[in-house]
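Next come two complexes built around chain A: one with chain B, the other with chain C.
And now, the complex of A and B:
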């Protein structure tokens, strides 16, 4: 998303408090303190990405009528959302609005006080719908004293992260703001490159279309439909004290490891329900866990950015290695063997580590969003990753290059898995759909969506034949899809909170779901 | 959250004057408060309206209670839906989670202050602690808090007793959910905030586009296969493996999760005297299936030894060990492989084409994990195209298949009074007709899993 530099008409009033901000009909209502205590509306035009493209100022009379009143009506009818909030008085005169980006919530103004020009920012909190929710008491911060500078000299990147430390307060989401002010010439070069890139992508799409001679629906016409699939709850594993974030089966299909925010990893014997090993974690903010094929090691990681590998065969679980090189949270990890492990991180990279030395062997960079999930191909020559940039990428393990990119999702991809034959991948996303991409014909083949499902997919797993997809959603259920027919064929409902992880063991006996309600349930 | 909207739809439907629930009156000593209902009413209504079984209705009803849309009148702290005469009431939309979220510290402070003022000692231990914490934290607005609390109490005194009781209950229920007592799980807990600001992480500048162009060029050059061929492949795969998928077809002798009998695992462990038929069948599906099964590999090795080409499999295994083994041993292993398989006059010399051999010998000078990849691939395909098909046609394989055991399904009767024997390895994918019938008859018996 690009940030744009705007010029706005001079404001010659002092903004006293911001009354309302509405996202749908983008107005910022400001109280002014001239004699009249007027209400002014800054009319923003937001483009498709929600970035301000135009600013106009509209003055409202000091009476109750006008734009604000009509907006209030619309809000009552539920057509737009108006969020009122009180804002401390701004005692500066904004001379021009530099930029406002709803997703990276800073309002930048230049301010003139006598000879000095300062750049001031208002830091505000955004709620889930990216509408201004609340502003903190001390969110006005003076970024830098420009002295005699003007805007031109600001060109470049300014990491605002350090500055925000001055602004503390419970209500403020401290995002690292980076204002990129781009010069025209540089922009021209970038536009040319971007054009070439788009051209290549169009060629790839054309090549894909050329081999697309049938659809999955047509091909699966002769396949008998499944009817309703009902799996029963067979076991409920109780033992965690907080939300379960991840689980992974061992290759013996009997042991399983689960991670919870109570700061523990538990290794279960799912048959007897006994807890075999409890590994206390240094950091309770765990997001992923993995079992080594040999069953000697487990790994976990999360907001601490570190992937810790434990030896669980020792008398008491011992930390074997701490793999610390990521600059973002660890979202997923998978062992290739007792000597190698793959990790995916919120710093947009995936890394292959050598466990003996604890060093990175290969770093896979290409994603532009946090990597959320990864899966190894059955032949272990490739792996796939899904990220917050809504792309799934296929990587060559050995060479470290991205072999192919699959687009189609419109939101973060949270879960990804291989079809058991290794020729297709299934992805689950926050856009409430799952998709199947074929690796050989290099394109999307099925879209698993249902109009009644408007919750994001958090996890998925496939049955051994690949026919059934178990997808965990934010609406507390795990829905079952027929992978060939693209139909929803069942549901596992029994959790009282979000299903955060699903897994089918190697022998395909059933499916395990783990949830924020702290239980693991086994079904078949 | 989307589920809230769904729950609200259910609640609104429940309160529909025509098709909704039957309301009763709650008797509190001398006061009669209307608009109450029993737990049993709720369950019955859910079952009727959505055509679900009792277990699902219980679960759904319990979610409605846990998320604050219905609250119990008798034991307000116990957020459970009892399917009996216990009274419940609908929460007013003002206090719905979706309308008043998140609850502010200020509101909570006012609520606790009210409780404190109304009756000394009414605050519970944890509430007292929170109250004093809040007092410290928002001390600057404390006058406002106390003033508000007093005002609200005064206003409520002017209401009718019934209304007052109802409002108190509603507020209490709201706060029990939004500020749960210690030890009770907070149902409204959100996730770890995922900082989704990728525009600030990877700068979309010229360098980025240059590397994107490179990646796209590479991706453009990929080999693409016709969709029809690929999709046919998936369908065939699914069909072929359907019998081997316990969720689709059940498994014999029984699914250990259901029958609590580990016979299946014992029969299918890595090394057994007689493998099962399904397992031996799988060896014929794909070459990798044969190689990845320890017994399969052993059988194949026996066959190759008869054909005097066992060195191929030994070579392949040695290469696998280099690929997946310890880094420190790589140099040593590569040496061994060279000595035993590649050197001229080696004891187990493998037949690789000259080009691959040259490349490998060159690579051995600087050994790394993947140095044997090309040679390994060559031998793999050699075995796959030549020895593997012949093995499948051989007597060795056919005898194995004939000898292979097909386990009997263990009969398991869960309840002595059920006339029909339950399957211990049911096939959920085809069980719908069966299950519906059983559920209708047996009520909730079917889904009582074992709890630990």
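And now, the complex of A and C:
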């Protein structure tokens, strides 16, 4: 916003100006605040780069921003510089904008041709507040005075609606759309914040680069290659009647729970292949399942936005708790103990719940896309989440704060896991790659891609030493990667549809893959 | 087109970035060495790497028992 004092022999007045544009009808709005000047008939002309227009209702047309203008009052001349200042325009039809100078806020809008003659006042509603605005008349461009509103309370985004007064007769024009109210003075603060943001991002990148003295794969040159890793299919578990979306091992490395959109959770004895418990679900649209470390409880959730916890040690599975506070689908859940569970949701948050009260203990907010997956650190003080904003974040479980953010993926992160030492994380994404990020170097250290692999990664699990990464892909296979050398070393083939979930038990004795083909397979 | 119109939201973004900028970073060569060491030290305890005998394999297909 610029403020220039224009002196003339007779009087001096200040003109504060704001330029704003609607895409269809750009206007320069000039408002004079000096009362002496206002009492005069303000009939001055603005010379904008040679385009001279008479000012009526304090409104003028210009065609571009960043131009020099000279204000002539009768024979007097002054100069003001116009700062380009682009407001977002509303999607009002007709088009309109809100612009404010603190003392005299106006809603500017245009009407369609043929409506110029309509002489009416405009009733404007912003969210729940409604006020009658006096609109200027008889032109395509109109100005409606909103001086009675307390604009400081209105900063931000609002739904706005304007209705023509009934005086117009049977012609009712309704304008509605999204309005962003920005006080002109705040723009400077916003710009300063953006600058600081950019500076910090550059600082972080520089700090990462400064420690990037080698690549993981280069550093692993001296490590003996694994050769081909060939695991055999040992068991195919049949029982589900529809796509399997999730599975999770029990800590005893023997039981395993799987979830399918046939509306059931099945608890399996993987040594015998027998089904131990069947839990019928209220909602068949399940996306995640978890086994509690004690093996007394399992949890599941999905498109119902609820995480339901079941006691499977009872005579028949009993619902213990329904954790209902997410406003988006439940994509992942993991027990910390029988009294705490972590959930990740499509509402972009992760939540730590107290199972005794059923209430949220901590809400982890920072992602700007649906959270798809989470994993607990071996020391249980931190956890990581992967989201559709293509970022992975490290969180302090107890503080509730995001400690580190990892970027690099170019699409949704669907799967995430800790390296067993707790110092690195592995992610799998729709961009068909897996990546390893080291927590202490705060950056991507390995990229697991293969030109022949054009399918998204759905799930991943690591072997006990961390050397092998088992990644499930949309190409119906689970590919095996050497985590140190970044090479593909094997494949688990056998499913007839997308591999949706992968898991390695605590004792590391095998891998389980679950698929949309409704089967679970055990390999080692 | 300006970014988020919400100054409060923008301040949060700046605060988060300040926090993330302030951490200490370890050289990748050091991190890589530590990860390698972990893998190699634990290789013998990784059944999927070392393999296992049929008798130790919990998932082996069930043999049919017959009484002699």
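In the analysis below, the second predicted complex is superposed on the first by the 330 of 524 C-alpha atoms of A that agree within 3 Å, B and C clash if a C-alpha of one lies under 4 Å from a C-alpha of the other, contacts with A are read in each partner's own complex, and residues count from 1 in each chain.
Please note the rule applied: a residue touches a chain if its C-beta (ideal position, glycine included) is under 8 Å from a C-beta of that chain, and two chains touch if they have at least 3 such contacts.
Owing to the predicted nature of the structure, the values given are computational and were not obtained by experimental measurement.
**Student:** Kindly say whether there is room for both chain B and chain C on chain A in the superposition, answering fit or clash.
**Tutor:** clash
**Student:** Quick check for you: in the superposed arrangement, does A:466 touch first (chain B), second (chain C), both or neither?
**Tutor:** Both partners, chain B and chain C.
**Student:** Who does A:369 touch here: chain B (first), chain C (second), both, or neither?
**Tutor:** In the superposed model, A:369 contacts chain B only, not chain C.
**Student:** Touch check for A:518: first (chain B), second (chain C), both, or neither?
**Tutor:** first
**Student:** Counting residues of chain A touched by each partner, does chain B or chain C come out ahead?
**Tutor:** Counted on chain A, the partner with more touching residues turns out to be B.
**Student:** With the two structures laid over each other on chain A, which partner does A:497 touch: chain B (first), chain C (second), both, or neither?
**Tutor:** In the superposed model, A:497 contacts chain B only, not chain C.
**Student:** Which partner chains sit in contact with A:216 here, chain B, chain C, both or neither? Use first/second/both/neither.
**Tutor:** In the superposed model, A:216 contacts both chain B and chain C.
**Student:** Could you name the one stretch of chain B listed in 45-53, 225-233, 297-305 or 369-377 that collides with chain C in the superposition?
**Tutor:** Superposition on chain A puts chain C right on top of 225-233.
**Student:** Considering only the contact definition stated at the top, list the common interface residues of chain A for chain B and chain C.
**Tutor:** On chain A, the overlap between the chain B and chain C contacts is residues 157, 180, 186, 189-190, 193-194, 196-197, 200-201, 203-204, 207-208, 210-216, 219-220, 223, 226, 229, 231, 234-235, 253-254, 270-271, 273, 366, 401-405, 419-421, 423-424, 438, 440-443, 445, 463-468, 483-484, 504, 507-511, 522, 524.
**Student:** Taking the complex as given, what residues does chain A use to touch chain C?
**Tutor:** 86, 88, 155-157, 180-182, 186-187, 189-190, 193-194, 196-197, 200-201, 203-204, 207-208, 210-216, 219-220, 223, 226, 229, 231, 234-235, 253-254, 270-273, 366, 401-405, 419-421, 423-424, 438, 440-443, 445, 463-468, 483-484, 504, 507-511, 522, 524
**Student:** Which residues of chain C touch chain A in the complex?
**Tutor:** By the definition above, chain C touches chain A via 1-3, 5-7, 10-11, 13-14, 16-21, 23, 25-36, 38-43, 45-49, 52, 57-62.
**Student:** Which chain B residues qualify as touching chain A in the complex?
**Tutor:** 1-3, 6, 56, 59, 62-63, 66, 185, 187, 189, 191-206, 208-213, 215-220, 222, 224-235, 237-242, 244-248, 251, 255-258, 260, 262, 265, 268, 288, 324-328, 370, 373, 428-433, 435, 446-447, 449-452
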